[in-house]
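Okay, got some structures for you below.
In what comes next, chain A is part of two complexes: it sits with chain B in the first one and with chain C in the second one.
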Partner chain A sequence: MTSTWGWLILLFPLVGTVVISLGYKVLPGRLAGWLGSAAILGAFVCAIGALLSIQDRTPEDRQVVSTLWTYASTAKVDVGMTILVDPLSVLMALVVSGVSFLIHVYSVSYMGGDRGYARYFAYLNFFVFSMLLLVMGGNLVLLIVGWAFVGAASYLLISFWYRRGTATYAGLKAFVINVVGDIGLVVAAFLLWSKTGALDWTGVFRGSHEAFHTNDGVIVAACLLLTVGAFAKSAQVPLHTWLPDAMEGPTPVSALIHAATMVTAGVYLIARTHPLYELAPTAADITAVLATFTFVYAATCAMAITDLKRIIAYSTISQIGYMVVGVALFGYANGLFHLMTHAFFKALLFMGAGSIIAAMAGEQNIDRMGGLRRAMPFTYVTFMVGSLALAGFPPFSGWLSKDSIVAFAFDRGGWYVAIGVAGYVAALLTAFYTFRVVFRVFSGEPVEEARLLERGELAHAAHRNPLTGEEEDTDVGFPGPEHHIAERELPMKFAMSLLAVLAFAGGTIGIPDVSDVLERFLEPTFADSAFQGVAPSDTAEWIGLAVGAATAAAGIGAAWLVYLRRPGLSLELARRFPRTHRFLERRWYFDELYDLTVVRPLQALAAFSRRAIERGIVQGLLVGGAGGLVRGGMTIARTIQNGYLRAYALLLLTGLAGLGLYFLLQSS
Partner chain B sequence: MSLSIPLFIPLASGLLAMLLPRGAAWLARQLVLGGTFATLFYVVAMLVDFDSSAKGLQWVTRENWIETLGIHYSLGVDGLNLFLIAVTALLFTVCALWSALREWDRPRLYYFNLGLAETAVLGAFMAQDLALFVVFFDLMLVPFYFLIGVWGRGERVQATTKFVIYTLVGSLLMLAGAIALGVLSTPDGGQISFELADLQRRTLGHGTQVWIFLLFAAAFLVKAPAFPFHGWMPDTYRATPTPVLVLLSGILSKVGAYGFLRIVLPILPGASSTLQELMLVIAVVSILYGSVMAFSQDDARLVVGYSSIAQLGFITLGIFALDPKGAQGAVIQMVNHALVVAGLFFVIAVIAGRSRESESLERLGGLALRAPVLAALFLIVALATLAMPGSPNFVGEILILFGAFDEKIVYGLVASAGVALAAVYAIRLYQRTMHNRVGPDVEPGDLSWRLDMPAIAPVVLVLLALALYPQFVLHRTEATTTTKIAAAAAKSHQTPGPDRTASSAGAPDQSQK
Partner chain C sequence: MILPLADVPAPHIDYKGLSPLIALVGGTVLVLMAALLRGRFVQRSLLPLLTLGTLGAAMGLSIWVWSPGDHRPIVESALEVDALALSLSLVFYVAGIATVLLAHRSAALSDAGAGEYYTLLLSSVTGMVLLAEAANLITLFVGIELLSIPLYVLCASQVRRRASLEAGLKYLVIGSVGSATLLYGLALIYGAAGTTSFAGIDRALGDTVSLSDPLLLTGIALACAGLAFKASVAPFHQWTPDVYQGAPTPVTAFMAVATKAAAFAIFLRLFDSALLSAQFQWAPALAALATITIVVGNVGAIAQDSLKRMLAWSGVAQAGYILAGVVVGTQKGLEATVFYLLVYLLMNVAAFAVVIARERVSEWGDGMRALEGLGRAAPWLAWPMTIAMLALAGFPATAGFIGKFYLIDAAVDGDYAWLGVVIVAGSMISLVYYLRVVAVMWMGPMEVRLPSLPGRPRTAKPVGGWSPEADAWAQPEVTLVAVACAAATMFFGIWPNPLFDLVADVGTSLASLVG
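Presenting the complex of A and B:
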């Protein structure tokens, strides 16, 4: 029964995709949106079914494998169409389908005026199917398939408004960086297969324990390659540059794919392959250090940039950094706890951002916003809930989940303490940049758009692409003819209210000393871990939580000081330290670095191949040589008054006869 | 079942079409179209009837042809050529369909050439006698010469000249190699034979193997084409009419790769293992060079053309990894590549039809809004082209890479870079035609269900079916493919050293069956 629920989870969104794609022309009004939402609700219900049925089993029996058919089995490579239903995959399926459902509902209204309405929901359903395949896949190959499918869905939705040059370029960039990650996974799969002879999870894990000793070179390499895959998907430094650009997609997509679900796949991957990482602690440490760097780095960037969605995107990179640290330090439940709460509050923040951007007629620069509080009370309240959760303010969910990771780092002791300290530093920055947005957008003097809104109107503008200044294409462009804000749309309100409740109270499943629901639920998956049961004492956790709360309060206070109390201070700071400001605003020049080291050399190589190799050698030398042969042949042909073809036929025949004669003479 | 029936139906229908009076051009079209369909049905029946557990050939036809020279009319099917024959029959059918929905000058001659071409290609795939293979291999040149030269466009004379010279030089070298192989392998006092099974049993000195190998390799690499033997490709691809281009790039390019597996590896195992590194270098350079060229081309056809060089590079990599996984990957990849190339060239033709026949990426773009069906089909094919996981091409590619990693990990790792580059050129091609602003030449419109869909839909459907169940192919090819590379793989796993290989090659070969 458990496996049936598992397959049904996958079936619903797949059917949704097919039905919406085929019916794109005939589905009237908002039906495509409701159909898509219903499909995802179906998946969510089945995920609950899977949850209940798996809880009925004994803890040892909570890893259910089911194969429908042989996918590819040849030359000792054996891959089935297999799913694995265990607490980890069920948790992921619940989070993914639940958040996806709410975002679908939100989109029903938000995308209402878009000309690509059905296309949007077909893509979105396909994304959910892929993501569920990724988390349910019972072997490495199906994981890679889901992994690539979510990448493709992400690509399609980033370049959803495909007449924008910036959107298509961002799509290409995201796709290619993700393929780099895919290659990492493929090579890792090979390394694991070559030593264990298996590609399914159970086989690989069992085989690894026999094949590798701790920190064996091959397993370290394999884990580092898995990390490459995880980092590409989860936008961790140095493979993070695609995610801010991915904000070119519609805002609900940013909420779903580029905040709540897909980008956390890297965290899932490390949690799923935890037996391997525990055999390769070196690789786990390298992963943790890079992720630590990432969460500090991204937080600093988020302080300087002014694009509302990109700020939240950097915040996502930063928060995923925390999760990766959580799982890479072998505190799996902590990382997954934060993954879950982050899905709630970050999806909520993006939904709020969507509403704000709609009210601003497509404007995304926070410097041009202000005083929206009175015009958008609902958006303000929910955005505030999301911000408090992100800042880690008690008692919101982010406070509990983020701190469980930091406390675990302190508990590991040794140099891991440095990671814990960095965790608090970044938390301070997080609270600061989060409330920079809140104060900038909602407080202060109301801007023109806010006044319009207060009078019951909605701003409209002939929009230009802020990055290129290009006028938007109205056929497939953003913003569409109508905008939708949460205040006026019931589905948007519904989705945001529910997420606000979850962002506030989602932490209750992991209160130290009170409830360890999540940890106990996940136990069967991580039973084989050497770190199972290792946790800081409740006292230590509560001390950590207190420090976390103080940090958040300090960050919020600093933002209040800079942006509300003394409004000129931020400008003055930027003027006083122009280099630092520029450095942060350019995001530490990572994009420029890659342009210089990867993109340009490749273009130069292509130009060189085209001009020198192709023209000089292949066409010049080789064809020129052959061309000379042609001319010679033609002269002969002309002298005996033949057409070309006859000359060639003759040539062929003469050659054939001559060679035949030669060898016959030789052999006799 | 007799293999001669599907083999000669196309030629027979083509000949009948030629003999029709001038006014009955429509009948010529129907005849050849019917012929390709008949062959396709026959081949589908073969797929159903195929015994996948058998190691040897099935439905063998064997007649003496030229007894004194040991040449036989010998045909047979096993796992190695089964799916190549199937995809040949499929692509010829859709190309005949595509052609039948359009008008051609001198239709009777055109359809005759199409029929002749199918027979020649099927013959090359079915032949189990080296001389017969050579005959069909060279026969392929004739219809393609006419199809490009008469119905081509632009600089077709220059294009055909290059194409013919290149392939002819290759063919002649192979001819010499084939004759040498037959003659030199004849034991003292024995009867000369060109039958592949006989040749495989007989042995050749190592030095002889090497130069014969090089002769065959030249012919096959030109046909593929591989870097740096692709000088004919750009001009020819630009000039060739769409259905012919589908066949040229989809099917003809596979004959070379198939030749390696059918002829070279089993008969010249010593040379195959000695020259393994050379072939791997050619493969890897082809992958990188083809990919880099593909993402910097402006002509949509040439993007696909250079991408084919890269894809054929992957196939060569799989074959010369001399590993069962790699070879299996190569075989399924040949089928996949034939399908995606067909899809891509048809799609490009449809796009050109909506943009004043322009195939320049600079002048295209933004078609997706008015052409959602085309955009969707193109997307599927483009993602398969870049071997996205979930596509059948990924199954081929991962097996090839696994094979390469297992035997020669450095080549495998370098080739992996080609995977990322494939994403660049495939997505770029898709974006530059479907997305971005509407290009100056574009007159938006979707593909025609009557004219375009009949040819494109089967290709995409087969791709989707293979994506769900690639095991259908792998299961049937495994038994044969692994035996074809066994001898060469065994050689390459012996302790290296040219002297030792040379001396052991003289002795009766233990590793061959």
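Presenting the complex of A and C:
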């Protein structure tokens, strides 16, 4: 029964994709949106079914492998259409399908005026299917297939407004960087397969225990390659630069793919392959250090930039850094706990941002916003809930989940304490930048759009690219003519209020000493871990939580001081430290660095090859050459292929003579 | 001297095993007789239905006869039935059924007479089934002639079109040269081995006949050339583009898949069972032919403007790929060959169905431009064509990918890794012309600049008026064939297990092959 639920989880979004993409012409009005939502709801219900049926089993029996058919069983490769239903995949399926459903419902309204409505939902359903395939896949091949599929879905949705140059460029960038990760993943899979002879999870794990000793060179290499894959998908330094640009996609897409689900695939990957990482602690440590750097780095960037969606994007990079640290330090339940709560509050924040951007008629710069509190009470409250959760303010969910990771780092002792300290520093920055947004958008003097909205009118402006200011029309390939805000749309309200409740109360499944639901639920997956049962004492956790709460309060207080109490202080600071400000605003010059070290040299190389190789060798020698060769060949061919029978018979006889000669030579 | 009849031992005949052939021959006679009745109903509906019924019945009987791992003579020392014969028979029947559907509105039907057309088609199928079941050289040759002669006529059946007549004549002349060469080769092999039965030749080769016997080797060379002609393997492929283009397109589709499968059936029977002991002698020659074929076919296809010619050249290249499965002379090679022939049927019929649908309505005939903008105007035709092209190129998630993978796997496994590399290189070149078709259909109006052959755009009689919507549904049976074949191509690309099971059964049918 468990496996049936597992297959049904995959089936629903697949059917949704097919139905919507085939019926895009005949589906009237918003039916495509509702169909898509229903499909994902079906998947969510099945995920609950899987959850219940897996809980009915004994703990030892909670890893169910089911093969629908064998795809290839040849040349020592044994690959099937196999899913693995275990607590980890069920948890991921629940989070993915649950959050996806709410974002689908939100999109039904939010994308209402767009000319690519059905296409949007077909893509979105396809994404959910791919993501579920990724987390349910029972072997490395299906993982890679799902991995590539979500990359493709992400590309399609980032460049959803395909007539926008910046959007297509961002899609391209995301795709290219993700392919770097794909290569890492594929090579890692090859290494594991060549040493363990298996591709399915259980076989790989069992085989690696036999094939490798701790910190064996190959397993460290394999884990580092897995990390490359995970980092590209999860936008961790140094493969993070695509995620902020991915905000070119529609806002619900940012909420779903580039905040709540797809970008956490890296965390899932590390958690899923934990037996390998535990065999290669060096690789795990390198991963943890890089992720620590990422969450501090991204938090500093988020303090200086002014694009609303990009701020939240950097916050996503930062929060995923926490999760990666959580799983790379082998505190799996903590990392996954944060993954779950983050999905709730980050999706909520993006939905709020979507509503704000709609009220501002497409404007995304927070410098141009202000005083929206009275005009958008609902958005304000829900955004506030999300912000408090992100800042880690008690008793919101982010407080419990983030601090569980930090407390675990302290508990590991040794140099891991430094990671814990960094965790608090970044938490302080997080609280600060989060409330920078809240105060600047909702408080202060209402801007013109806010005043209009208070009078009951939605602002309308010429449609422009928020990045470049180019004028756009509203036909397909550009955003639609209408804007939708949460205050006026019931489906948006529904999705946001549910997420607000989850962002507030989602932490209750992981209160130290009171409820360790998540940890106990995940136990069967991580039973083989050496770190199973290792956890800070409850006292230590509560002390950690208290410090975390104080940090959050300090950060919020600082933001209040800078942006409400003494407005202008921030400008003064920026003036006093122009270099630091510029450094942060340019996000530590990562894009420029890559431009200089990777893009430019490659372009130069391409230009050179075009000049020298293409023109010189290929066109000159081969084509001019080859042009001549092909032309010559074609002349010969045309001479031979002249339609005259006698010519054909001649060649036939020549061939025959050749064959005969060959065989007669054999006889001597 | 007159032998008393009683002294000739009657061969044992297994009528159950023979039943598909009996059904075919009976159906052929029935169709010919029924064609004497005049009347629109008979000519337009009854005859095709009878033909379809015959083919369906034969197919049903073949499946009924089939029992896994079975290998038994049905007419002693002349015909035997095994999984190889039965699975290839399925290819012939399906190709026949598709041809009947595709030809339903063909001008050839009224030109040549529906009864004659269907009778010839059925005789050709009978010949193919006969040679797939052949157990000695004589039956083999009878089968080959029975399949070829009706095809010569079918090629010329559009008697009011000069190109069709020319194709028929050309095919007849060159085909006779090929048949004669083959017959000569078979005769020499008989002369060397002293027996016509495949099993006997196999025994003799290991025993009494020296493998360097010039008589035997000359025979093999001639047989090889004759078969290469039938399978359009370079350098014996020259007739292919001309005949494919000239023949009525449904006949072309039939030739492209069924004749090719039949030719490879003989290749398998003759080389991988009767002459297997001489593998060291013939395998290098066949491998060289395969390489030449892959190169020539792929290069030739690039510059084609006519879809039929392009598919003809692509068929030449594909013959080269399939030949790799014969060269290795292993069980896996046999499995891969049959697997590829099965999926080749699906993807090629889908492609030809779309060509037929377009050439009847487009002013560009079978030119590349006939497909322009098809993605928008008739997605139900554009998708099958896209899938067929991608499958022929070997894209993952289509059956073509698995087929090609299987062939490469077999080549590498049989110590012909370099041939696997040639297949991959050939597939890379083939993307040039396969993807251009996809681009023309989906990427809107574009100038297809090709070094085209001189010729004016043809004016074709519109079937459903000139509007795209009317055209798309004017020939539902053609669309049906295209969609069904493309769907099966996708289906077996995602779930190849049924075909794997089938060819695993085929793999055991030639006893002499090693696993």
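Operating definition for what follows: the second predicted complex is superposed on the first by the 611 of 668 C-alpha atoms of A that agree within 3 Å, B and C clash if a C-alpha of one lies under 4 Å from a C-alpha of the other, contacts with A are read in each partner's own complex, and residues count from 1 in each chain.
In this section, a residue touches a chain if its C-beta (ideal position, glycine included) is under 8 Å from a C-beta of that chain, and two chains touch if they have at least 3 such contacts.
No experiment lies behind these values; they were computed from the predicted model shown.
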Contacts of A:Thr70 with chain B and chain C, given as first, second, both or neither: both
First, second, both or neither for A:Ser609, with chain B first and chain C second: first
Winner by number of chain A residues touched, once chain B and chain C are compared: B
First (chain B), second (chain C), both or neither touched by A:Thr654: second
Which of chain B and chain C A:Phe190 touches, first, second, both or neither: first
Which superposed partner A:Leu593 touches (first chain B, second chain C, both, neither): neither
Partner chain(s) touched by A:Asp475 [first = chain B, second = chain C, both, neither]: first
Partner chain in contact with A:Ala530 - chain B first, chain C second, else both or neither: neither
Where chain A meets both chain C and chain B, residue numbers: 69-71, 74-75, 645, 648, 651-652, 655-656, 659-660, 663-664, 666-667
Touching residues (chain side chain B, partner chain A) in the complex: 138, 145, 161-162, 164-166, 168-169, 171-172, 175-176, 179-180, 182-184, 186, 192, 227-232, 234, 289, 292-293, 295-296, 323-325, 328, 366, 368-369, 372, 376, 379, 383, 386, 388-390, 394-395, 398-399, 401-403, 405-406, 413, 416, 419-420, 423-424, 427-428, 431, 434-438, 469-471, 474-475, 477-478, 482
Parts of chain A lying in touch with chain C, wherever the complex brings them together: 69-71, 74-75, 633-634, 637, 640-641, 643, 645, 647-649, 651-652, 654-656, 659-660, 662-664, 666-668
Residues of chain A that touch chain B when the two form their complex: 21, 24, 69-77, 119, 141, 144-145, 147-149, 152, 155-156, 159, 162-163, 165, 168, 171-172, 175-176, 179-180, 182-183, 186-187, 189-190, 193-194, 473, 475-476, 602-603, 605-607, 609-610, 613-614, 617-619, 622-623, 626-627, 629-630, 644-645, 648, 651-652, 655-656, 659-660, 663-664, 666-667
Chain C residues touching chain A - in the complex, by the definition given at the top: 170, 173-174, 177-178, 181, 212-214, 217-218, 220-222, 224-225, 228-229, 234-236, 238-239, 241-242, 281-282, 284-285, 289, 299-300, 303, 409, 413, 451, 495-497
